[in-house]
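Here come two complexes built around subunit A, the first alongside subunit B, the second alongside subunit C.
Presenting the complex of A and B:
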């Protein structure tokens, strides 16, 4: 357990927000270099290696070459290097928070932040219920999607989006409404 | 959960406490559609050019959430999905998740999903009858227009590329998104026929 792992989820989120704003102000090669050094140092403190770093910036691998080409053409090579470095550093830093914080802690921090919003009509308890129901619904709907896809294949309509989505949406709605009834039967609306 | 409290007496039972929170039926639909948008974002639900182009149906899910659930519930379904993704679950298109996507070039599009679902819902709620054309216009305005209106400026800010060039860069995704709006219209009309209770909030809220 590194110090970064032990830090509270809320603290890390606030720190990330502050660092994001600071990184958006980076304009010079020196500042970009400092940002990279800082992010790498934080990964080292967390005891995470290049593999973990790559897992977080990997989604950018197609986007970066495209955007560098455009930046180079419109702003010149130096600006392209600075801006792209800044972007990758920012994504890596956000990824570090994800890597060092369990999902349950982040969700708890989020629900905690909703608490004070009660006065403007946000029901934190109901929000927590919806989040939990959504997590449980993902495998159920993935299953339903698989069933529908197999049926579609059996009828030879593999590439018809509508033949896939209509039964999936109707099945989801039926399930949702049954779930709503079950929740109401347990006194959720009382 | 808290213990069930005393139900309000008599006549007030029929008045829905909409201002307070989502009722059970709404909570179930919001949660289920959050999961549905996630499932539509799984790779392989649609493949173009043999999976070379990683296009998923996630934005179709966003449009459908607005069209079928209405403005408020649709936006809440998207918000629920984004909260789970921010917490680290790999539920966004192509198995992405974590906080990186919320500071990267796609951040504005994610915010646009919430606003987009809301606008699609608002426009479909205002339709006298759910027709293909009506839903198509709503999906184009909310699911494409609003999403890009949020996404492009943020992408320009994060990448430092001027807005016009950013818009050109993103033009590659426009045909796919227009096709998804067309699909959304067809699917919404078909779903309302197959499951008339689908849009029950239309009659309930007038």
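Presenting the complex of A and C:
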């Protein structure tokens, strides 16, 4: 267990918020380079290698080229590089928090932070549950997307957007239904 | 002992009659439900924990009406779905089991000990902190079952819990169900699984058409489908 693993979930969340604010202030290539160095150092402290880092930023691999293209065209190459670095660094940092903190601790921290909002009608426990469901749903829906893509391929409709979107939306709604039922079966309404 | 009573139950969806007059009293420890696709098995299973309420008639679990006492009924009746992905709520294995115990009044430390013990008992100890989505299908179903069993329900209803599983995991889940102290109602298309059951219901077109011991009900069902 690294020092980062041992740090409290609340502390890490506050740290993440602080780092995001600091990243917003990054404007020069030198500062962007420092940010990258900082992220790499933190991963090293956590005892996590390049593979763990890649697994966190991998979902951006299609998104980033698009963003770079747009920014390059509108703001020029330098700004594009700095802005994109900021984005990737932020995602990597958020990923670091999830990698080093059990979800239940994050949820407990969030529940604690939301607690005072109870007076204005926010149900902290429900909010934390919603977050857990979101975290849980990502791999389940990614799985569904993979299945739908394979089915589309098997039927030779590789480039048909509708053949991808319709089953994906229908499948997601069906899963949402099933999840609602499961929550009821497991006593959410207690 | 747990007693489930269905009294002249009809279930209608829009204007389709899915169950048409089912009257039953279930007190056996092992009850299996078999029947063709669309015959109404899942609807019958969902009636038992109040996920579906009858359009007319009533369902009582230990005297509690599922229509008015749904919460208490669901505390007594655990439900295992076909697709474990649908019923695993928390991102990691241990957290999902802990979710079931959130109202148990255990301290954080006691909760951890309890969850660890349960995972050990169900052969999932090595996976406690793994994300649930990295488990195999069979392990996911065992996790779903574990999360249901920790709440100590009196009756476990399982709707085709082995349909998505290979032979080995089917055996593992079926054995786990067979070994329970609780009453079990198992919906299945796998006729091999019902051999040791006390009572088999064959559902057809929204009615229970055969209600007998496996040695009589299974051949009757095979003849119906021939």
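For the reader, a short list of remarks on this structure follows.
We take it that the second predicted complex is superposed on the first by the 122 of 190 C-alpha atoms of A that agree within 3 Å, B and C clash if a C-alpha of one lies under 4 Å from a C-alpha of the other, contacts with A are read in each partner's own complex, and residues count from 1 in each chain.
Criterion: a contact is a pair of C-beta atoms (placed from the backbone, for glycine too) under 8 Å apart; a residue touches a chain by one contact, two chains touch by 3 or more.
Just so it is clear, the model here is predicted, and its values are computed rather than measured.
Annotation for subunit A, partner touching more residues between subunit B and subunit C: B. Of the two partner chains placed by the overlay, only subunit B lies in contact with A:123; subunit C stays clear of it.
Judged by the touch definition given at the top, the superposed model places A:56 against subunit B, while subunit C stays out of reach.
Shared-chain residue A:83: touches subunit B; no touch with subunit C.
Contacts of A:179 after superposition: both subunit B and subunit C are touched.
Common to the subunit B and subunit C contact sets on subunit A are residues 102-103, 129, 133, 135, 140, 175, 179, 181, 183-184, 187, 189-190. Touching subunit A in their complex are the following residues of subunit C: 49, 51, 70-71, 74-75, 78-79, 81, 83, 85-92, 95, 98-100, 103, 129, 131-133, 147-148, 151. On the side of subunit A, the complex with subunit C involves touching residues 102-104, 129, 132-133, 135-136, 139-140, 143, 175, 178-179, 181-187, 189-190. Touching subunit A in their complex are the following residues of subunit B: 1-2, 4-7, 19-36, 38-40, 42, 45-46, 57, 60, 64, 68, 76, 80-81, 83-84, 86-89, 91, 94, 96-105, 157-162, 165-166, 169, 183, 186-187, 190-191, 194-195, 197-198. The part of subunit A that touches subunit B in the complex is made up of residues 13, 16, 20, 24, 56-57, 59-60, 63, 66-67, 70-71, 73-75, 79, 83-84, 86-87, 90-95, 97-99, 101-103, 106-107, 110, 121, 123, 125-126, 129-131, 133-135, 137-138, 140-142, 144-145, 149, 161-162, 164-166, 168-170, 172-177, 179-181, 183-184, 187-190.
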